[in-house]
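Down below are the structures I want you to see.
Same chain, two partners: chain A is paired with chain B first, then with chain C.
Take a look at the complex of A and B:
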């Protein structure tokens, strides 16, 4: 991410940023009549495309140099410096942190708290269905052996979902419960991929445990 | 009054009596007469970020015409959201706007109730139409945003009697202010817009001295003898698009191009208001 010099300027909605043939649209911009316009009030950033990794190899074949869209710098308008508040919508593929609010045999209802590295202002509701809890032995998954209300869960957004819920999945090793409270009310520590243990009572409880990073 | 939850003030006008001494007669005598050129809008003050608890907010003040007893327009707008829709609402692939325009009870000569009356609902509908054309709605699926405009001072001459001037013309000025202030608040809230939208009013007025009616922009009803027709425009300057047009009144049939001229003047007024808006947004970031 290299910011080219002289491009950190202020943009207001509807401001012309440049022709669409020279820049790629990033967040906070839109294209109209083959031109790139700002759609947010904020600061313009131009990021150069990442160079291909590794040293340049000796040419073994001759290719026609083509200007692919990936080689264009991306212009984006961000709201850093305008206000600290930054509302984002969870998108498919994002990793979110959420708290379990309700469990039923078929699904766990969660409240999404953090999306990526942004603390959300509004409360968005998510749903982890029983078939999305883990990747293997899906038919043997029981929701009450995976989540309990009050647990903090790291999950991935797999769908925009229906009118009320985002659909989330914990079907990866590093996804699952990261913070759990025992029935006695103590914070527990993970012992293996499906168990948390209460340090005071010594009892273990079943969870879909997230692999520590 | 259907509002039984609050202790309401007296219904009806609450204007102190104006004693008829020399000064007031002079004021009454000098009524009328526009102090600005026909194609100049009044000075306005716009500031964003006035309400810390809201996602975005703005405050707009338009100067008075300079005489005592005439109040300008004071508007405060708050934007809440984007936030999740209530559970009962169906799936929406785009953002759902809900606009509320409310006169403060003390904003106008005639005291307003706490509940929204039909004219305020009408303003809200017009405001929604004006903003919907400017917002990129599909950037925020499954979300809703509330836009609330409070009219703190309603741009009315308190010294004219109730029979003078028609309140319906004041709604036009109020709507154009609402559009401008809501646009600033939306930009402050970080909701994607294709352009900044601003409101402008043009009116066909006839004064006693003039032979034929003339077109002015940003009219103050109390400064003219009669307003024949008026139109309020919401206009996107860089796109050159009109998102809302509200026309009211009767045009003389003699000039067929009068309607187009009136709309053009409305666009001109809107473009002038937009310059203030752009300046204000620039200051917000800088």
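Take a look at the complex of A and C:
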């Protein structure tokens, strides 16, 4: 199904693209039984392989180039109507910005909004477990004193997790709550690593504060 | 203690006049339940009830009755065990509300090998450890500081009666006769009845005794005090009447 770069064809998920012996898999494709199948609904792109270097010519000697594996063209499928930037998926090690949606004594459920610099199209759900909130004294962490629903948190992805959630961690100084609203409804300013203060009422609330850059 | 001059009944959102707000030279003003401070200087009631002012401690709060019980930290409550999940008991504090959690190790002398055996429907007398509007309440049956039960724990035998939140609060006051206007339990004890009680802030009173007649009598006395809104004199007459009927 691969075409030259002039024309394009549309693939549906599960559509056979070609044998793995002829093509390399790229983003949006997967290999099954030595065949390349599309994973997404979108346009198929084929990248031209790099030309293997020809035999080196020297004045006195002609040497055969060492056997390089033949470069196969790479097939990729990208969603139509979506610019490449928005297809970013959080990977392990990425720093993400998320909003806390629910807290329970053992974890905080968050909605991942921004991955790196790109705003995500869909909101992915993430979990910050109580042992991943801090690096020290992990058994004494109280979720109610670290996060509240509505806070914006900078976290790092530690695992792609299961079907429902990514697993995130705030166990570094520069990770944690970056934007918090007080019980009275005002924006709060950080005072130290564990307190935010409301300037209007003067009351402070406990959070796991991220160190500002 | 609120005097007659400070007895004022307000509705939610009513403005409170400036002269009513107590002033103290050194202590800051303390607001109790039912009042809300809107900066810079507005104090607004959020419930319908009686405004009580205490000039000596420079505090003011609302006395109100009825409504749903909202768990608050350090409250003593009577809960009913709904079911047990991993290392936890799910305890029901009030009807149609989320369950509170009670760790199975939060009992006196409980270790991983020896846990309390609480069946579904058992009553426990517990203290609220964590209560806020974002999470389910958490309870404990042991004092965290001393490690001793101090009266908390499972309530065996007896029966729990539902009372209004206002009566439960007055029963729990230290000087319930002077400040709360309830003396019915003391009067019943003075008549020679042998029973023990546990009062939960969530509107439940547990009565335990060897004789079921006593339990029923105490329950009736509480219910009639609550529904009839009896004062101390009327409670005295009620107790005499009930004891006479029993004998």
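Methods note: the second predicted complex is superposed on the first by the 128 of 213 C-alpha atoms of A that agree within 3 Å, B and C clash if a C-alpha of one lies under 4 Å from a C-alpha of the other, contacts with A are read in each partner's own complex, and residues count from 1 in each chain.
Basically, a residue touches a chain if its C-beta (ideal position, glycine included) is under 8 Å from a C-beta of that chain, and two chains touch if they have at least 3 such contacts.
Because the structure is a prediction, the values reported are computed rather than measured.
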**Message:** Under the stated touch criterion, which partner chain does A:201 make contact with: chain B (first), chain C (second), both, or neither?
**Reply:** second
**Request:** Give one of first, second, both or neither to describe whether A:123 is in contact with chain B, with chain C, with both, or with none.
**Result:** first
**Prompt:** Of chain B and chain C, which one contacts the greater number of residues in chain A?
**Reply:** B
**Message:** With both complexes superposed on chain A, which partner does A:140 reach: first (chain B), second (chain C), both or neither?
**Reply:** neither
**Request:** Figure out whether A:40 sits in contact with chain B (first) or chain C (second), or with both, or with neither.
**Result:** first
**Message:** According to the stated criteria, A:103 is in contact with first (chain B), second (chain C), both, or neither; which is it?
**Reply:** second
**Request:** Could you pull out which residues of chain A sit against chain B in one structure and against chain C in the other?
**Result:** none
**Complete:** In their shared complex, chain C is touched by residues of chain A numbered 103-105, 143-144, 148-149, 200-201
**chain A partner contacts - residues on chain B that touch it in the complex** = 49, 55, 81-85, 87, 89-92, 134, 136, 139-143, 187-188, 190, 192-196, 236-239, 278, 281-282, 284-286
**Fill in**
Residue set of chain C touching chain A in the complex reads 39, 101, 130, 132, 134-136, 138
**Request:** Quick one: which bits of chain A touch chain B in the complex? Just the residue numbers, please.
**Result:** 10, 12-16, 28, 30, 32, 37, 39-43, 79, 81-83, 85-87, 89, 121-125, 160-164
